[in-house]
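In what follows, structures are represented as structure tokens.
Two complexes, one shared chain (chain A), two partners (chain B, chain C).
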Partner chain A sequence: MCNKTKCDKSAFQKSRRKVLKGIAAGVGALALPASNASASVWEAFFQKHFRELDKTELQQVLARLESEYSKEFGKTVNVKATPPIEGVKYGYGLDLSRCIGCRRCVYACVEENNQSRDPQIHWIKVLQLDKEKGVYLDHAEHYYNPAEVPEQGKFYMPIQCQQCENPPCTKVCPVQATWPENDGIVVVDYNWCIGCRYCMAACPYGARHFNWAKSKLPKDEMNPETHYLGNRPRPTGVVEKCTFCVQRTREQPGRYPACEEVCPVGARKFGNLNDPKSEIRYLIENKRVFIFKEDLNTQPKFYYFYAT
Partner chain B sequence: MKTHLRRTITFAICVLALCANVVSAAKVEKFFDRAGNLIVQEKVEKYKRRADEGETYPVPPPPFSEDIFPCSECHAEMEPNPERRELVDMHDDIILDHAEGQRWCLDCHNLNDRDTLRLVSGEVIPFTESYRLCGQCHGDKFRDWKVGIHGKRTGYWNGEKQYLLCAHCHNPHSPRFKPLKPMPPPVRPENLNRQGALEETGHQ
Partner chain C sequence: MKNIWNFFKGTLILTARGSAAYYCWVGGLLVLMIIGGFTYVIQLNDGLIVTNMRDQVSWGFYISNFTFLVGVAAAAVLLVIPAYVYHWKPIKEIALLGELLAVSAIVMCLLFVTVDIGRPDRFWHLIPFVGILNFPQSLLAWDVAVLNTYLVLNLTIAVYYLYNLYYKREPNKKFTTPLLLFSIPAAISIHTVTAFLYNGLGARPFWNASILAPRFLASAFCSGPAFMILVFFLIRKYTRFKISDEAIQKIAELIAYAMFINLFLLGAEIFKEYYTASVHLAPMQYLLQGLHGHNALVPWIWTAMIFNVTAFMIFLIPDTRRNNTTLVLGCVLIFIGVYIEKGMGLVIPGFVPDVLHEIYEYVPSGLEMLLAIGIWATGLFVFTMLLRVAIPILNGDFHVADDGVDCHIGDNLFFLGKADREKRNVSVVEKTEDSGS
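Right after this comes the complex of A and B.
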């Protein structure tokens, strides 16, 4: 004989038990990775935004990443977080009258910056354009593959992140995982990025790339000198982009970006826009300069120019 | 009396010359700093000589063909022949494709010492300064090269830089930049396997 209230109560008790059981199972499932994985999974999960890390926290994060990467790639991997150099604003020049479209820069960048070999990610895209038509993107071709370059009547225009002074990509990020640094480089915190790809849609230059799958990066080809905001190995599902080789250019003295160093025709120029004696300033002041999609007011710090 | 007159004239000339000096000195522009102090302008050497002379640039060793330098190894014992001719026994592999109608070997190579080059002015320069030789005609490229715009510079963007000689990229006897084989084109998006495996056909 069961009166109504009693029945109801027992039913409630039953369901409560179920719920508690469910929660217990859920917590158990969540805890599973911790049993075989190291605590670093949890540390990564609760890691703060890069710009909110204090000095000791940053050191802990870098140490954790270093040990993770060293284990994964079987060699000592350094992860730096070198801050911008005071008073420096980086600028890049590319001589359209010299570039022959050989794509040496594309692959030097891949090697330096640990891009995924498969699925393939290239931070630099080289367009082949008709000399007669000029920079007219409807006629651009970037899968060209002749026996020799340059081809008759063609010119070449490599495109990479333009490091805009007024970047549309950083404004659309819902979690502020990407921002322009004081030296003008637009960077991504790969640990904060949620992979929504709004920034890719916002970028008018197609300069941002998404890690669709676990990157295949051969151990012997992995560059162990990395920067937190630059060329460290990227997790799946985050966006990456050119950083003017932040791991090289922020050194003292600063090396040139890998693409600049490899160019066989010397079409690529790099320097400090705040230094009136730099080659980048010289070319802006003395050569014909072309700014890509200038009408969008993105204010790139990437200057195409004609030396002749 | 005559000597006296001559002496007076000489004195007058000296005085005049001095005055002229003073006048010309007064014409020199004076520079003041913000506090109003006169800035003494030192006579800058570079106005006396051409700006590019005497300046040297850090370059790697010139790109000689194997075992060809020093030239004097062979040429020291040979009688120099300044006659314009086609070479047959040696150096016949060099085909001049560089305004060949107006030029031949000894317009750049030094007749009397083959280990050096010779400018139009007669100045003898080492191969490591060959940019000065090229700059005689290609002044615009030379100017750009000096500031790092023409050609490639390596080193550090805010530190030591190393230049390349013109001859590192341009064969001086046939200077047009030679075409290169391009590196492979990117994989087309439709062939990009987002699960991770690269399709064989995708790369061609």
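Right after this comes the complex of A and C.
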């Protein structure tokens, strides 16, 4: 049974390649960019979905991207495609009683994940809320800018992708360009996304961001350690989002997400939900925890809590 | 095969001919299309940043137009049902024009979606088996499927019918009837699926109301037929085609029912939101009253409300419905009213306030509007070309010549001037006498 499906699949892929070749020949005959375009433009155009690439194809794609980015940014850029670690499911904890609203996480994220600097894309948004009113978003201040934080009577709520177990954003994608991986991280194949932005309409947390213009990323600020599904430079016209720093957290030995690492007050916690001895499990079991917009049944793996 | 080529050649010759008014109209549309084309090139070059859409309001003017036009396309069914299910003759003669309007509207829909997506070069990812169409999970995949089915269906019926008339053959009913019957659920499904596309998002309370799909259908059955009545008046006045008052009156009556249901459902929704007054009221407040000092949509939605209610009164009162001047006024009001209500009035409050309650007030950029005008011009161009071929065929002015190869063109003007119209009236009288004998 298993073999049969495999066989069917490869036959289907072969016929698909044939069709694509036919289209390529047809489009080529129209002499679109043909004469001056390098072969890699066509390779990129006809690249298959990430999850349908076999090992050699994946290596070719990664090599192509590495050479492209290295040329563009004038330094050696690595593009990895490290798969999820077996048996790991990531969870994130955020201590609302500690967060001081300094937004260091916002900018550490931008630097780590090669977001566009102009127009600015922020994967983390910090809301300033009134202590009296609690998590009541209608009174949230999105662009607070005092000389010093925290302000009297205010508390701060950072919001980023909640890495839902039941993500409404992946369900709606018309081309399956976004999906939850086995370690629970919701990723986007930037080379497959058609930029319809249906996922942005579906996300209840405003966690998805669109590349409205060509991203401006200064050469010297570009982080060359990248992941295909994470922080590699994004093309124009596609959607991007937080990946819990997949380029860091999937390595062994791994590193914490940049936002966790930079937090000056230790408000951010990160760990393996499947490990009963992990810090995140301890927090969930012993602190007052809530998840954001629980009524939508998105089942976030991002836990807000009050440690004190 | 040769017949098809000859027919096609004939249509090219036919569409190239026409009166000065026809050339002006088509030329004007072409200019707008070219301007739209240039703006699209700019957008492709610089990215969607040239629009005023941003992360907070991630769909705007393009998708609003798309949503409205799906309704216009779906409304063709309102002619097909009386024509082919009840065999009501006055409408049977004009049902074909409704199908052609559906084709033109779907072309516009597909263009609006195309200009809205960030990577149109990756459109092939949507083609089943070549790319990956996320069917049945994604409602957008459903929409791709039903819109294309509906386009092919209407195009097939209309072209097959006209092609046979051109060759003076009786269309095979065994072929057309199943297709026509299938086009009824197809029309309903394109609008239902488009409504579900918004409806299924728990993140957007403004759309997450089960009343949305029925409201979509009700308003579609107002706007599409209203546009058709306006087109019928124009055709009747400026071409040789005859359309009976009886047919137009029947459509007007149907619009009155549909508008009543539309207004009732709208009222039901307004009641529910305002009486409950939960945080989910915010988008509706933004639409109707303005929210925290932001009120870009308020004058528009009230214009739409006034237009819709006025039009409903016009269609309800028999005297104003039977008077052609007020009838035309009612159709114009409905068309504009529903355009506002089912376009920007539906899409934008879904995003304002956004999911984190930020208010980004969206107004389309000049480039967005020029591009949208270009697409409307393209749709009207397609519709004009289809009518240019269909009307002479239906009139018997365009058919295969006696040698069976060349075409006979009896209508070189299409849009008639005043003098021509008077002449036409004479020839029409002669013709009816001919057919009577």
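Following the convention adopted for this analysis, the second predicted complex is superposed on the first by the 275 of 308 C-alpha atoms of A that agree within 3 Å, B and C clash if a C-alpha of one lies under 4 Å from a C-alpha of the other, contacts with A are read in each partner's own complex, and residues count from 1 in each chain.
The rule is short, and it goes like this: a contact is a pair of C-beta atoms (placed from the backbone, for glycine too) under 8 Å apart; a residue touches a chain by one contact, two chains touch by 3 or more.
These numbers come from a predicted model, not from an experiment.
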Could you say whether A:Pro146 touches chain B, chain C, both of them, or neither, answering first, second, both or neither? first
Return first, second, both or neither, reflecting whether A:Pro253 touches chain B, chain C, both chains, or no partner chain. first
Would you check which partner chain A:Pro119 touches, where first means chain B only, second means chain C only, and both and neither mean what they say? both
First (chain B), second (chain C), both or neither: which does A:Leu127 touch? second
Determine, under the contact definition given at the top, whether A:Ala213 touches first (chain B), second (chain C), both, or neither. both
Partner chain(s) touched by A:Pro168 [first = chain B, second = chain C, both, neither]: second
Overlap of the chain B and chain C interfaces on chain A comprises residues 119, 125, 142, 212-214
Using the touch definition up top, name the residues of chain A that touch chain C in the complex. 12, 15-16, 19-20, 23, 45, 49, 119, 125, 127, 137-138, 140, 142, 159, 168, 171-177, 192-198, 200-206, 208-214, 235-239, 296-297
Residues of chain B defined as touching chain A within the complex: 144, 147-160, 164, 169, 177, 179-188, 192-198
In the complex formed with chain B, which residues of chain A make contact? 85, 88, 95, 100-104, 106-107, 118-120, 122, 125, 142-150, 212-214, 216, 249, 252-256, 261, 263-266, 269-272, 275, 278-279, 282-283, 286-287, 307
Would you tell me which residues of chain C are touching chain A in their complex? 46-49, 51, 53-56, 58-59, 113, 116-126, 129-134, 137-141, 144, 197-198, 200-204, 279, 282, 350-351, 353-358
